[in-house]
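Before anything else, here's the structure in question.
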Amino acid sequence: MALLNNIGALTHALDKEMERDKSVVVYGEDVGHEGGVFRATVGLQQKYGKDRCFDTPLSEAAIVGSAIGMAINGLKPVVEIQFSGFVLPAVNQILAHAARMRNRSRGKYNLPMVIRMPYGGGIRALEHHSESLEAIFSHIPGLKVVIPSTPYDTKGLLLSAIRDPDPVIFMEPKRIYRAFKQEVPEEDYTVPIGKAKIVKSGKDITVVTWGALVREAQKAIEEVEKEGINVELIDLRTISPIDKETIIESVKKTGRFLVVHEAVKSFGAGAELISIVNEGAFLYLEAPPTRLTGFDITVPLPKGEHHFIIEPKKIAYKIREVVKF
Amino acid sequence: MALLNNIGALTHALDKEMERDKSVVVYGEDVGHEGGVFRATVGLQQKYGKDRCFDTPLSEAAIVGSAIGMAINGLKPVVEIQFSGFVLPAVNQILAHAARMRNRSRGKYNLPMVIRMPYGGGIRALEHHSESLEAIFSHIPGLKVVIPSTPYDTKGLLLSAIRDPDPVIFMEPKRIYRAFKQEVPEEDYTVPIGKAKIVKSGKDITVVTWGALVREAQKAIEEVEKEGINVELIDLRTISPIDKETIIESVKKTGRFLVVHEAVKSFGAGAELISIVNEGAFLYLEAPPTRLTGFDITVPLPKGEHHFIIEPKKIAYKIREVVKF
Amino acid sequence: MLTEKFNPLKEEMLNILDYEGNIVDANLEPFIENDNLLKMYHTMVLAKVADIKALQYQRQGRMLTYAPNRGQEAAQVGSIAAIEKSDWLVPAFRELGAWLYKGVSLEQVYLYWYGNEIGSKFSEDVKMLPVSVPIASQLNHATGIAMASKIKGENDVAIAYVGDGGTSQGEFHEAVNFAAVFHAPVIFLIQNNQWAISVPRSMQTKSKTLAQKAIAYGIPGIQVDGNDVLAMYAATKEAVDRARRGEGPTIIEAVTYRLGPHTTSDDPTIYRDDSEVKEWEKKDPIERFKKYLIDKGLWSEEKDKALYEEYESYVGETFKKVEESGLVSLEDVFKYTYDEMTPNLIEQYEEYKKYLEEEGQ
Amino acid sequence: MLTEKFNPLKEEMLNILDYEGNIVDANLEPFIENDNLLKMYHTMVLAKVADIKALQYQRQGRMLTYAPNRGQEAAQVGSIAAIEKSDWLVPAFRELGAWLYKGVSLEQVYLYWYGNEIGSKFSEDVKMLPVSVPIASQLNHATGIAMASKIKGENDVAIAYVGDGGTSQGEFHEAVNFAAVFHAPVIFLIQNNQWAISVPRSMQTKSKTLAQKAIAYGIPGIQVDGNDVLAMYAATKEAVDRARRGEGPTIIEAVTYRLGPHTTSDDPTIYRDDSEVKEWEKKDPIERFKKYLIDKGLWSEEKDKALYEEYESYVGETFKKVEESGLVSLEDVFKYTYDEMTPNLIEQYEEYKKYLEEEGQ
Amino acid sequence: IIESSDEGKYEEKDIKVKVLATPVARKLAKDLGVDINQVKGTGPAGRVMKEDIQSYNEKNKDIKESNVFIQPVGDT
């Protein structure tokens, strides 16, 4: 057991898996010598050599495209995109190839590869350093999209992702990279992809969220529980394939549903969740399934970002609204 | 008035607008001399010269990126992406720049530009020639996403798009490029962006669709109306910004809702529509708002595509299901 | 080294076999085993016959879109013959000759163009990727395959194909630059067939040759007569050897010509003169090679006639099988998106089956 | 022509002013009006002072992320001084000197780094784009601006900046190739400052120079001592004139050095030796230029001291204003996404205002 | 300006005035055999609440029970 923050859990998991499985290679911009701009890969080059952990040219399409080639040729690449806003030059590789190689080759070529990327706002950053693009990747068949919210899950989900025969988009809520620590077991364990986690059971309303907002929702829930509202909180963990069952079962129990995400509202993951709730628990609904999300704008620069960021207060406000409906 | 198919209406609209407005330029791969692989730009180079209608290198990022520069420098570029599957290399330009230049420059730089692209399946084509990516563009603030379904609307919406100060993604359902003709007025007219069209009023169920599926839905409706089901059919026409009002008003009246689209189901535009219905007409709902969509797979090659394509029969089946609920 | 002798900046093209099939410079003639020479020729003829017949089938409405490669047989077969079975082939979409030589069956190729994904599931020992439709994107896969080979300490190289049009794509640049930086054992084979659909080579780029783009990456590049199978072999072999020695990638520009339409949906008369086509027909790569083989005593007109006849019927039979193969099953449509079907897919699959049952289809 | 004399393949770098500020070759000395020389020097000093102070503010927790440009002043000011007011500047993100010379106020620059979009709304007559964060993507905008200028029959050129790291991006390739094909009047100015965050120039590409990448596009390229403001001016002026004559784009590689960290979040000691920094400090572009101006009788140490003092307080006052500028209003956060707010945005705006009212914020 | 609708104009009188209710309330009404259109809503904006349906059901229980042996005529 070690007390680790989310970044520490990432490094630890990568270290363990590189040790266990010689076919795992880790690379990206500044990932080798420096250990990544967030230091997620620190120490790995020293330990496993420049062949297994290395820096690349500034070239996202080549980073992802070469990872596809490596996965075909027997390796398990785990590549880092420095910020999720910079994944866009690699979108052709991800959507047109990574997602499809298996189907295209009728199962001949699996792509056991992971594309890691810090995402989300709240770090007072420049443009393109704050977006949440999970809905886009989740719309593409053939990809899996995972977002951990705790050090324990970070390790367990990353190990699942690396061992998964399909390509996994691993989105890391960078705002909480160093926000808190948790005991993470030394031993090998995995957290399954495709399974949401009931963080807290409750009976009045189901709140689903992920990433950095799980903690914010927890704070909000503390508030509203004082007022007698009993909330069931679900950490989605995998955005695609989505764990419909857990959500539907919860809403059947509570009759009320709120999804909270930082990505812009329209055509976001919240919409998918609301549709799932409609499809699976319609007759149990006592209030309209509701979303609390980012506005339909580009994440503002730091001097305006406070308007955009979803604070516990806002979540509490929305919970009350849905419960009172 | 002239009797035109959808391709004819495109060419006609481009011709008229290039004549009217000298700042309109049209370019893309094979767009100049050949007039485009679908012949949408045929004759324009001869008429307006190689400066205003031209071929480019095979380079989507440069096509879109240069259009951004041109729009900043006083032109109104209308660029063609040969198939929507090939827009992916330009996604960085579209999402990171076209959508944001106005906000980034606080209104100094508008981008009056149009990105045209044939989309959708049903033409027995190779891979990457059949996708429907409207949900992805619609998730990005700053973009407008338009899909016409008739020659009349094609002209009117394209003229709106070219004159719009914001960048417009103009998706053309290629399956019906030459499927039917319609009288298209010679005169200048526009169809407003952001307004859905009630193709047919009805009281039992609201069906929303767009592009090639409008005609398929019409056929389905003919069937079910024989059975006494009275359908309201809405052609969405603009996917973003979406015309919530028309949809919500309709569902308040009918109490039942079906959205039909060809794009894959999960995280698609159907989910957004269902959420809008929940937000605006929840208490009127007599059945779960439902989606009939493509499966969550890559569009199959022709020998399997029949499974994927949404036929009138399938729409009729689903309408009955929702009405009987 | 050929890449030094034919430095792209000198604007000299490597040519070994002239239009008449005579050796231009005996010093340059590569050594190829007779069996291999014959295998190369056979493959080129098969590619030609299969190509012509595919076009016919398509016109009869029996084949779907097809991308002909008539005229480019030497560029393809000459290059692919220079790698080993254990090496990788990363195709674009118009390299029928290379695929057949690599061991893909014609039936599979036809199945692919016939609109069936199963055509891209090559047998386990054929180290080739499926066709890549998004132009130039496959080059990064080749770079990755080659990097993996190096990382694993194996000796395999990759050869990747791209067109003249493809060199304008950003991914061309990224793949070659990446490969150069990592000394990846990969050969970038540009088939400059003068056209990218209707756009001529001169519109793609202002550089005089495509081979000179190698200079941007600090790697060797060479322009080769792409209709000369021996020159293609020699240049590729040198590049393959260099790659295997750990000296990194090479760009080879094969100057050739697409004699047919871009695909069966294309009408080339809109954008090019028939006289240009006629000019290139004189440079036919197969005729040249035949002459060389006959001169070498390895071939004869009689054998040739017999070979064409054999392939005519082989191609015909193959296509018949393909035509009889029918539709893709519903299960197969769903089965390959993920290693295991997701709950979502299972639900969609079941729901659709129910619909089919109820609607009696 | 300089681009011929200093052909990148010869691996010779254009240098006019040596480290001591002496003219290396009088034939190469560009003619620049005295006023302009002084404006250039002033701008470089202002950029330096503003840069150093920004770092200080940031360490005091008063500024957000900042990307220092110390050491690159000549590369920026020497190049931008060669274009006209009517020409376009397309920045990357580290060209403070160029922006100031072009007419952007320091207040705006600071506002930008302070995290306020309004810092990118330059006044109507400043033909410059906002900072482009996605590396190299801005180059395509420059190509488009230049193409438009040509299409409209105007005479304006565009100059676009990119780093050594940026040359690895696909968009670099596409933008330059496009510009070359269309003879677009654009100059691609690569500031090769030896590092892309922690990745050294040698890891970005195997080509010896970045200038030689021009050969891939059939356009002129030149490597220039980027710490030599006269060489930068001369090379850029030649490229601008060529562009204006309709002869298309040029690649200029400015060999320079980032003396500071990549940004304020970066710790360069992890990846580079202090000795390297020390070596480059000796090549300081400002000191060299000062010596030249003093020799020319245009400047003195006294004036210099006064200038620094003036700028110290100017920068201090400017930052104070910026610090007092406060937060971005809610309205502004919503107002600029579209020309007109969509119904969706109005709804979200109103709903949020209601929330703020009810929650008493 | 384009016409928003061109065919199949319905008669306004065909459209029943819609009762406001949540899916849960509608389900309750259905389960109890209550015609929700007959229930007067006491919730916000006249919404039919679950309680409304229950009390309507209580009140009309006798009537309903006494009707058990009467064959319904046409639609109920």
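Brief remarks on what is shown
Which chain is which? They are A, B, C, D and E, in the order written, and residues in each are numbered from 1.
Criterion: a contact is a pair of C-beta atoms (placed from the backbone, for glycine too) under 8 Å apart; a residue touches a chain by one contact, two chains touch by 3 or more.
Everything numeric here is computed off the predicted structure, so don't read it as measured data.
Note on connectivity: the fewest steps through touching chains from subunit B to subunit D is 1.
Listed by label, the chains touching subunit A and subunit C alike are B, D. Compared on C-beta pairs in contact, B-C and A-E come out with B-C as the pair having more. Here the spacing of subunit C and subunit E, counted between their Cα centres, is 68 Å. Centres computed as Cα averages put subunit C at a distance of 44 Å from subunit D. Distance between chain centres (mean CA atoms), subunit B to subunit E: 39 Å.
Shown for subunit E are the residues in touch with two or more other chains, namely 22-23, 26. With touch defined as above, residues shared between interfaces to two or more other chains in subunit B number as follows: 56-57, 59, 61-62, 85, 88-89, 92, 96, 103-104, 127-128, 141-142, 242, 266, 282, 285, 288, 295-298. Shown for subunit D are the residues in touch with two or more other chains, namely 117, 133-134, 137, 168-171, 174, 177-178, 181, 203-205, 332, 337, 342, 344. Of all possible chain pairs, those that touch are A-B, A-C, A-D, A-E, B-C, B-D, B-E, C-D. Residue ranges on subunit D touching subunit B, taken from their complex, read 88, 90, 117-118, 120-122, 124, 129-130, 132-134, 137, 139-152, 158, 170-171, 174-175, 177-178, 181, 332, 335-339, 342-344. Within the complex formed with subunit E, the residues of subunit B that make contact are 152-153, 156, 189, 191, 195, 197-203, 230, 252-253, 255, 282-286, 288. Within the complex formed with subunit C, the subunit A residues making contact are 25, 51-52, 56-57, 59, 61-62, 64-75, 77, 89, 92-93, 96-97, 101-110, 141-142, 144, 164-166, 194, 241-242, 244-245. Contact residues of subunit A toward subunit B in the complex are 85, 88-89, 91-92, 95-96, 99-100, 103-104, 127-128, 135-136, 138-142, 240, 242, 263-264, 266-272, 274-275, 278-279, 282, 285, 287-291, 295-298.
Looking at the complex, you find that subunit E touches subunit B at residues 2, 4-10, 14-15, 18, 20-23, 26, 47.
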